[in-house]
């Protein structure tokens, strides 16, 4: 029941927003986001309580004979992912108050639509429905970039983004259908059984289909080349949605579909995937080091972190997956924070060339302080959210492939190299004529950054509520896999 | 039977109204007639459970035939509403064209209900001959003439080939009845006559549905024909041809040797590759949609490939959803091109979102549906095809389908990009309320039909 | 009583939070009071905890809250109280408190005073977590946390990019070590399924089943972490640069506490290292090389803090030598005495710098003993202590290391004597150049010279006392017996917590070694006196130096330049190549190329649509014939 | 009569096939629209021949009835075709089909 409500709120709000017009659109969206958060928190408290089943799951036939149903369930993993959406949505909306948009009712409407689709993808237990939500999320973000971006090359960039990710996900569809052909139902449990009944090499092929889809979206080297340009051209709210939530659908898909359904495929053929993930880390870190512009730097840093994420999840053990779940949440928060910092800087400087900044700390110590904590979260310092996820990922990864872990682990070092460089060159040193007049944070920037920073630290110090909610579900997901 | 009578009478009535100078009544009469047709079809539902063949057993309106009839009638209804704007009310050209469409629709109904190869041939001809005329109906326009002429010639050639195939089948079986053919084939013995005959019929249909290598006429004809006619051709004509083909290959010519499905797989593959790749370089949206239509035909041929195990309802679903999207897109092109000197290039769509939001949004929805993006019903159509093809283990074909789908998205999105690219001093494009409402309803339908796909199981 | 242990890190944390969020507008003395008071409270509690441990209380784990759960992996934030952590607590909070006190005076005129005290508090918090954590992962929290504070404090004066670079270097080099530590933890977990000390070493002895190679690998990986934190070759280059931070930072973090975390960690893992010879050998060699390197470089440095920094590197090396030879308690002993006298020396140097108005070059000093009496006296005590003169603290701990080396490995023994000689020499060089002779600075500086305020000298005095008596916690058998005192108290105290080597040394040998060490130290002192006090040989400018070895040492064996050439430049070049060639031309080029190829294919394929009826019919007929032939 | 008895169904079929092929080739190689029309008629009539032969073979009249249908349809087709051709002639003043290449690529 709650799952339906979670889906319905953003959907209705989207329609309402588009119908009601520009006035108050953003407040409406914010309201919907907060409501969503409250209900998700409610679901969190219900989790594990007696009789909560009826509240947290929903199952109706859709296309009965084909074994497709409107099935949703908020188990531990989905709850955390729902929290990711519900937590970040109001923050992203509130963060976007900084800017004014043309036709805001459509802008926020699309945003809410996207939230609905992501919420759907994270909570459904039907394979086809997952695919539907996964794909649908492309549409709103596509229009958000196409219509609200000011990038001169946006048409080409959005086209590439759309086609590339669509191309990838069609392979997932093929793999899904292949499994479905055996199971006769899209129920996830049925798909798991179907997948496990396949021979090793068949599992390998099915895995390849899934991996291409997810590797494009996560993204993993060498399927990443759509990402930096897309992040760059999207309006910041769009980038936040993309980096913070949307791309997590792919890693979530790995958790939900690939690992439990194709144990042998992952074990035998996953080495390639793991190697690509590890290369991803190195490659993206190298690219991040080469960047002059802050937004591109964080775009690449995102790829580097997600390389670890994909490797950890694909290692298919409890540590890797728990780490993956934690990292998805944490990376979502950190991405939003890092891109919000971009937005603040860009709104004042009108550019994000790091070499032309410096000394902002002197002018605006509060901003520098908050930014510093975000940077520390990004380099995965213990007691920030980034650490818990990244450590567990490496721990999981190590049990499968020690040497690749050592390679992927270089993110610990390289991440510090580029993040500290970015921080120091923008914030530290003497202020120059351009940064001298760096305006203080306004109250709502302060609020957003503070909330994000509190989240980063709170989840790092006390991640237990998240981890212990997810843990039983992860264990039941891995049940029957001898890994 | 009633269906055929109703629709024929309706065509005649339209002509009569023309003669009686009551042309204002044409459209309402057609609406009523088509609604009546739909009503009758619904009333006849379930007749196949009691053996009740009509017309000497040559037509059987079983549920499949009825549902095809309902789909064609509804699409025709929508077509009339949308096309109503494009022909000046009260002219005899308008009534002529409407009458021709109705007659052609009669052929479509016959094609969905035939149980006899004679009726198959008659259905194909009744369907096609009015369309030859329609394609060439812009008398002063050389392009329209050319389109009509090409269509006519190649169409006649294809009819002849189909006919020869029918003849050879008859020679082998000794009957035109589909049932007899199936009994003959189930013996497991394939005489050269029937093999050649079915190959020729396959080619005849391949032409009608425009799959490679028999598709070359389609882009030219689609581009040259008046846009409403193109819309009609890509929806009902194509759908009816598929209805006929599916019945022939699904219930009569079963089982055929492996080579036939290999040939069909090959045809689908080259259709998808050729059409999608060529569509990428098109600048004229109408021609681009013609290639898209070919590509969809390739997908729909997947149902024929797997006809032995597939229920026709999925083909009906595909036809319906593709037709809706196709109607929207061709009529939007019609309106956009009409006010800019028949310029239907991609650039003509720039700024459409400001110039006519309804058209822009419905066009976008239609294109996305054709591209197969969920949650638009075009996705489910493609999904049904791919599931079936996977069931028959043509994995290579599946991969081609998938890759070409992605290529397909490319050219659809290019138009969408143009629609949302702002331009300066763009005047609004005015269209009638009925068109606007219809387009809006249709695009909503594309979403609703996705989520309500379970209704399909009623069939 | 053990439950109180939770309070120990909480006080500094509370101090940090209070100063950061509520400290605005409060007076500096008040802030300083809060900061030092927090540490003092921790110190008091630490004494209580230590007393119970000293009287033989059982090691206890105090759980604070659940932290990470993932399948079988389960780590809490819990604190382990045992003799090792208790004694560390004591000297960290003790020395920490003194340095806080000192900072109130030293940083009084700095605009970032609040920030400084807050950071120091935070540092102590993390250091305490490091020590108290009941598992490797909890230790790692503190481990990284102190790294963070080190970063913030090195770059404390952030307007100067040089400081920021030093801070960044420290952080990144440490991170390299941390990666080793992380991998070590992963390996440990992969084989034992736990990271908790208790389960690993005591209650379940989970390390019991480890194959030797694995134990070696874990040992080496963990040691890589220690290399970073404790500045061992090849990860030592950050520590001298870290002197860019304010002097109390150098005293607290980069001499007394944080840099000895590596020793703590190895000592904590003594059960593991006891299983493997080779890891120990590696540690020993890395230690002695670092020690020699630090000692020789220190011979030539002219920056007062750099000399002390290299001295720290060298002393840390000695501690690792002890660890490598299995004498864990000896290493801990040296950690403690070193904390006293090195903190003292740094604070003394800070006092000097304070008096000199920021000047750090000993070539510009001289004759300061007249102007700064307390500083001079305490500094001298510290110098004697580090040089290893009986009965100062350094003598006992260093002597114990030399004794172990004598038993275990004669080559180590000789090399550590060399280090010992160098130590005495460079420390007295520093002492003579700073406090004796004529003043070589500017007039203004001479005019400005003054003794530091009491808040700064008081800690100096306390530390000086500790530097004198600190060694008594580990009196050698020979001395202890003759003085009727408890000998090897520390060894007995730590027995059972860390692995003890089986040393059997007769009293004569012991006495002989003590004598030898003293002679060598005195020899070093004499040479320094001869060269710098009597003859006054000193090259005032770098360019006057001609000797190649001198240049080599002065330039720190060109380690920085080497790393620049083999790591930093290639990384930059590779990322530049990625950005300008590989990404756009190859990776993205393939993607774009696919698009372009499709486009080109479309351009060709469209030619099929020739528009000619003939061609269409031809295609039809050909298709027909092909199909008929095929079927 | 001898001759009659030796003529089997195959002979008719071959005749039909040859006529059909001739028609197809005619369409393929001739440019004049009128001649192309006639070729189509030829093809349809080839089919008629085969149908009549089969009808005799199976002793059914079905196929013969069908032939009438075909004739009617063919007539309708020609009517439409000629109408289109007339229109085209008015616009282009030619019955040569090779001028029809405005629509391409």
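Going by the order they are written in, the chains are A, B, C and D; count residues from 1 in each one.
Methods note: contacts are C-beta pairs under 8 Å (C-beta built on N, C-alpha and C of every residue); 3 or more make two chains touch, one makes a residue touch a chain.
All figures in this text were calculated on a predicted structure; none of them were measured in a lab.
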item	value
Central chain (by mean CA position)	A
Chain pair, B-C or B-D, that carries the greater number of C-beta contacts	B-D
Geometric centre distance via CA averages, subunit C-subunit B, whole Å	77
Centroid distance [mean C-alpha coordinates] between subunit D and subunit B, Å	27
CA centroid of subunit A to CA centroid of subunit D, Å	65
Rounded Å distance between subunit A and subunit C, as computed from the means of their C-alpha atoms	37
Where subunit C touches two or more other chains at once, by residue number	595, 606, 609, 611, 613, 617
Multi-partner residues of subunit B (each touching 2 or more other chains)	150, 153, 157, 219-220, 410
Residues within subunit D bordering two or more other chains	24, 27, 97, 100, 102-104
Which chain pairs touch, all of them	A-B, A-C, B-C, B-D, C-D
Residue numbers on subunit D that touch subunit C, as the complex places them	24, 27-28, 31, 97-98, 100-105
Contacting residues of subunit B [partner subunit C, same complex]	150, 153-154, 157-158, 161, 195-196, 199-200, 202-203, 206-207, 213-214, 216-217, 219-220, 257, 259-260, 263, 274, 277-282, 407, 410
Subunit D-touching residues of subunit B, taken from the complex the two chains share	118, 121-122, 125, 129, 132-133, 136, 139-140, 142-143, 145-150, 152-153, 156-157, 159-160, 163-164, 167-168, 170-171, 174-176, 219-221, 223-224
Touching residues (chain side subunit A, partner subunit B) in the complex	61-66, 128, 131-133, 135-136, 138-139, 142-143, 146-147, 155, 158-159, 162-163, 166-167, 170-171, 173-174, 177-178, 180-181
Interfacial residue positions of subunit A with respect to subunit C in the complex	160, 164, 221-222, 224-226, 283, 286-291, 317-319, 321-323, 359, 361-362, 376, 379, 381-383, 387-388, 391-392, 394-396, 398-399, 402, 405-406, 409-410, 412-413, 416-417, 420-421, 424, 428-430, 462-464, 467-468, 471, 474-475, 478
